[in-house]
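Here come two complexes built around chain A, the first alongside chain B, the second alongside chain C.
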Partner chain A sequence: MVGGTCIKFGDNINTDVIIPGRYLVSIDPVELAEHAFEPLGEDVQTRLRKSQVVVAGYNFGCGSAREQAASCLIGAGIQAVVAKSFARVFFRNSINTGLLAIQCAEAVDAIEDGGEVWIDPQRGIVTSGNRQFAFEPYPENIRRILDAGGLLSYVSKYVLAARR
Partner chain B sequence: MGKTFAEKVMAKAAHLPETTAGQVVDVYPDLIMSHAASWRCIQSLEKLGTDQLYDVNRIAMVMDHTAPARTAKTAADQKLCREFAKKKGITKFYDINAGIAHVVLIEDGHIRPGMVVIGTDSHSTIYGALGAAGTGVGFSEVTATWVCGYLWMRVPQSIKVIIDGPLALGASAKDVMLKLIGALTADGGTYCSIEFHGSYVRGLSISERMTLCNLAMELGAKFAYVPPDDVTRTFLREHGVDPLDYEEIYPDDDAVYLKTVHIDGSQIVPQIACPHTVDNVKPIHEVSGIKVDQVFIGSCANAKYEDLAEAAEILKDRKIAPGVRLIVTPASRKVIERIVNEGIFDIFLRSGAVITNPGCGACAGDGGVMADGEVTLSTANRNFQGRMGSYQADIYLASPSVAAATAIRGVITDPREFLVKEGQYI
Partner chain C sequence: MNLIEKILARASGRKSVSPGDVVVANVDTLLLHDLSGYLTARVFENEVKRPMRYPDRVVMVFDHHFSPPSEERAQMLEENRAFARRHGIHLFDCGSGNIHHVGVRHGFVRPGTIVVGSDSHTPVHGTLGCFAAGLGNNSHAAMVMPFGKAWFRVPETIQIKLYGSQRPGVVPRDVALWLTGQIGEGGAVYKALHFDGTFIKNLDVWDRWLFPLITIDVGGKCGFIEPDEKTIDFVRRITDRHFDVVHSDEGTDYAEVREYDISELEPQVAASPTLGNVKPVCEFVGKPIQWAELGGHGGGRLEDIRQAAEILKGRRIDPRVKFNIVPSSRQVFAEALREGLVDILFEAGCTWFPPSTGSNQAINMGAMADTEAMISTHARNFPGRNGSPKAMMYLGSAYTVAASALNGQITDPRQYLV
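Right after this comes the complex of A and B.
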């Protein structure tokens, strides 16, 4: 079970807002986190760092293929993103960096900004207050990448180990 | 039941007899592109502790986003790439003088029909212009694919976009796409393969096909595709590709599509994507007159030879408005060579434009950025807040013709003001 306090955004939050291109010179999640959501101002940034879950509307992470859009959230202490839908590259980057990306539109409608959200990835349940919402658990191939802690760990653990 | 382009190209790259939309398969890309992000891939590879690459001939590296280096850090990153490419024998390595990865790889014959290409850039959908399946991934995924040779992909559903032509005077591929993105919205094609068909597309130049497929990304698309035809074959031949080295893939007539969208090209007027989303699209008359501080003609969407020629037709013998900065960033070294030879370079220069080195430039925020409260009209493909400097600046997106007309007037201007009815430029 992962979760905690959430910060809620609207639809079409793009990668330039999540992590502006000027900071892509870094791949350190903690360094990147200092600039996550910088275009939206300091209040949002402060709240992000106190949150464990990002909640968003449709098409979260649209735009660039920059993987740092996912890793900067990890650096900020975010454990999961619950959204109505994801842009496809963000979804892949999220899984590949070990960040839970949960698609569950019903839960997003019910969750209030600043409220508590808990996610049970094994059972496929999002809990907000006394309400529970089911989401489709990950297919086997994605679950194995997440369980390994991201794609590179997965490659190291399974693909390279088999070659040795 | 018939198959779409995506279902067929995924089957080919997954070495399977067939695939169906929704299926998850392991795909072996024919080409793995990385741009400015290459150093991140190399560092990730070092962390993995292996230097065994699946197939070095499938790797292409292009130093495009931040070139030439402006900081010692970027210079060190590029040095790492240069040395890695040399050590590993990566022959498709392009240094800071080449231009934007997508355009360079197409110009140099590395993209062919029927290929699957992944790249560390979302606009990799552009490869559909030559009937290839291109899509963006993150740097870890490129690293993993360098090593493994494959990555998982879900076979996408497909959307058929039928565009009837010819287009109305003053409209271009950019206007078609902005209109489509405005209608379908920024996630109207998420996870989908967008196939372009119709009388406008048949016989269309590769440059305009590139603009269509590039902008398809702004619908959230996974792939874009234009069926290869004689225009494709001629282009490939002229760019040194042997017909025996590729396999054209076509969708079946009875393929199953998520939906079909019709566009009547004769009704398209110049379109503008307003701040701060690409789907905030308005016909030009609703925004004309807005004052601009800067005009940017560049990016993988619209800085090819044909795009610059389109802008130059309007800028010829004219000056840009006082106080307006016109920045022209040709997509590649080869584009520069051609505009120099054909006198287009001089037209820009005399108009008052500044012409930069080839590459991504201002579209990636690498030079040409804005101060608080400023406005840029750009031929690029993204207008997200803060993409070009200040978070308190506005970016409008439009075609090269609109950009040229706007630079002359200093306010967003309909390019048809510079055209006479017979389609002749005055």
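Right after this comes the complex of A and C.
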């Protein structure tokens, strides 16, 4: 079970909003987190750092393929993103960096900005207050990448280990 | 199976694949630019620490920097060069052109192959009948570089059929901008887009290019055009390297078919904040602009430069406007020179920039103050990509960009085309 306080956004949040291009020379999640959501102002940034879950509408993470859009959220202490839908590169980058990306439109509608959200990835349930919403759990091969903490650790743990 | 499914099946050693399958496939080409390549290189050397399996398949292009603007950036490029030398990958240094154009013009993109890259517009290579998708750094560093492979979920396919013929003054870029709005940002999330129909078939390769280019901005995974004689001639003229053309089977199923008649279209403009904010040019006429550019991932093709020259020949742009022309490759600049276009646009008051990806993300040109606005042939108009988040970016055809530069405000180009 992961979760906590959430910060909620609308539809089509693009990668230039999540992490502006000028900070892309860094791959350190903590350094990147200082600039996460910078275009939306300091209030949003302060709230982000106090949140554990990002909630968003349709097509979260659209735009550029930058992996830092996922890793900057990890650096900011975010454990999961619950959205109505994801841009596919963001979804892929989340898995590869070990960030839970959950698609569950009903939950998003029910969750209030600043409220508490809990996610059970094994059972496929999002809990908000006393309401529960089901989502499709990840297929086995994707779940193994996430469980390993991302693609880098997955490859060294399983692929390379199997060759030895 | 369609072309995408056949390519993924062949590259993953399977007889067939279906949408939803997750496959591990052999990758033919990895395209990196100076920004993402730097990050991928660091992850590969510091965390993966394995040999580069197929250095001949890895291409790095310095396109966001045609020349480093600071010591920090110069250092970054030096580290990229050292990385390229250590591993024996292909390097195209500052001044070579835009990553995707360089990839195509040097024969790294061939029909039937798998092309990946960390630039999100990588799906553009579906123009030549490839499976092409944008991935993140870790995919490249952890799998493509050490093993020559990547994981993919086989996408469902939407057929986009375009038919009809354009009105005078309306060009394929207007159709592509309009189509982005029709499909909608996020209108094709995770899908493959098959661009088809008589309109697409009649276009030449560099005009077809504008359609798979929009794939990412409607949320798609990859886009493609069925290869035909034009495609094969185009690639054959560039490279002697072997390729196996893959065609979709007759009568394949689509998750969805969408048809569009483009006959009534007017020139289009997409204004910040998003590409979905696209309307006929008449709705923006009179909006002031101080900057104009042919460049970015979308622009700087010879076709764009010809259109601008057609409007600007014998005219002068507004003295308050700075019109920057950025050829997408060295070949484009050479062709523009031979056709006399360099002189025509210079005399009109334009400034020629080195082949590169122009002011995309304003890495070494094209930043704006919060009171400024630009009209360009870029692929994106998100706030903050060119300096201040308050600065406006309008996207239009090269005709519309040139006509607007003449007047210092957004202008319907058709009055100059009679």
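Everything that follows uses one rule, which is that the second predicted complex is superposed on the first by the 164 of 164 C-alpha atoms of A that agree within 3 Å, B and C clash if a C-alpha of one lies under 4 Å from a C-alpha of the other, contacts with A are read in each partner's own complex, and residues count from 1 in each chain.
One rule holds for everything that comes next: a contact is a pair of C-beta atoms (placed from the backbone, for glycine too) under 8 Å apart; a residue touches a chain by one contact, two chains touch by 3 or more.
Keep in mind that what you see is a predicted model, and the values were worked out from it rather than measured.
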{"item": "Fit or clash between chain C and chain B when superposed on chain A", "value": "clash"}
{"item": "Touched partner set for A:Y58, first chain B, second chain C, both or neither", "value": "both"}
{"item": "Which superposed partner A:R92 touches (first chain B, second chain C, both, neither)", "value": "both"}
{"item": "Overlap of the chain B and chain C footprints on chain A, listed as residue numbers", "value": "12, 14, 16-17, 20-22, 24-25, 27, 39, 58-59, 62-67, 70, 85, 87-89, 92-93, 96-97, 139, 141-142, 150-152, 154-156, 159"}
{"item": "Complex contacts: residues of chain B adjacent to chain A", "value": "24, 36-37, 40, 43-44, 47-50, 52, 71, 73-74, 77, 119-122, 124, 136-141, 143-144, 147-148, 152, 186-187, 190-191, 220, 222, 277, 279, 364-365, 382, 384-387, 391"}
{"item": "Complex contact set, residues of chain A against chain C", "value": "11-12, 14, 16-17, 20-22, 24-25, 27, 39, 58-59, 62-68, 70, 85-89, 91-93, 96-97, 139, 141-142, 150-152, 154-156, 159"}
{"item": "Footprint of chain B on chain A - complex, ascending", "value": "12, 14-17, 20-22, 24-25, 27, 38-39, 58-59, 62-67, 70, 85, 87-89, 92-93, 96-97, 139, 141-142, 150-152, 154-156, 159-160, 163"}
{"item": "Residue ranges of chain C touching chain A (in the complex, touch as defined)", "value": "22, 35-36, 38-39, 42-43, 47-48, 72, 76, 117-120, 122, 134-139, 141-143, 146-147, 151, 185-186, 189-190, 216-217, 219-221, 274, 276, 361-363, 380, 382-385, 389"}
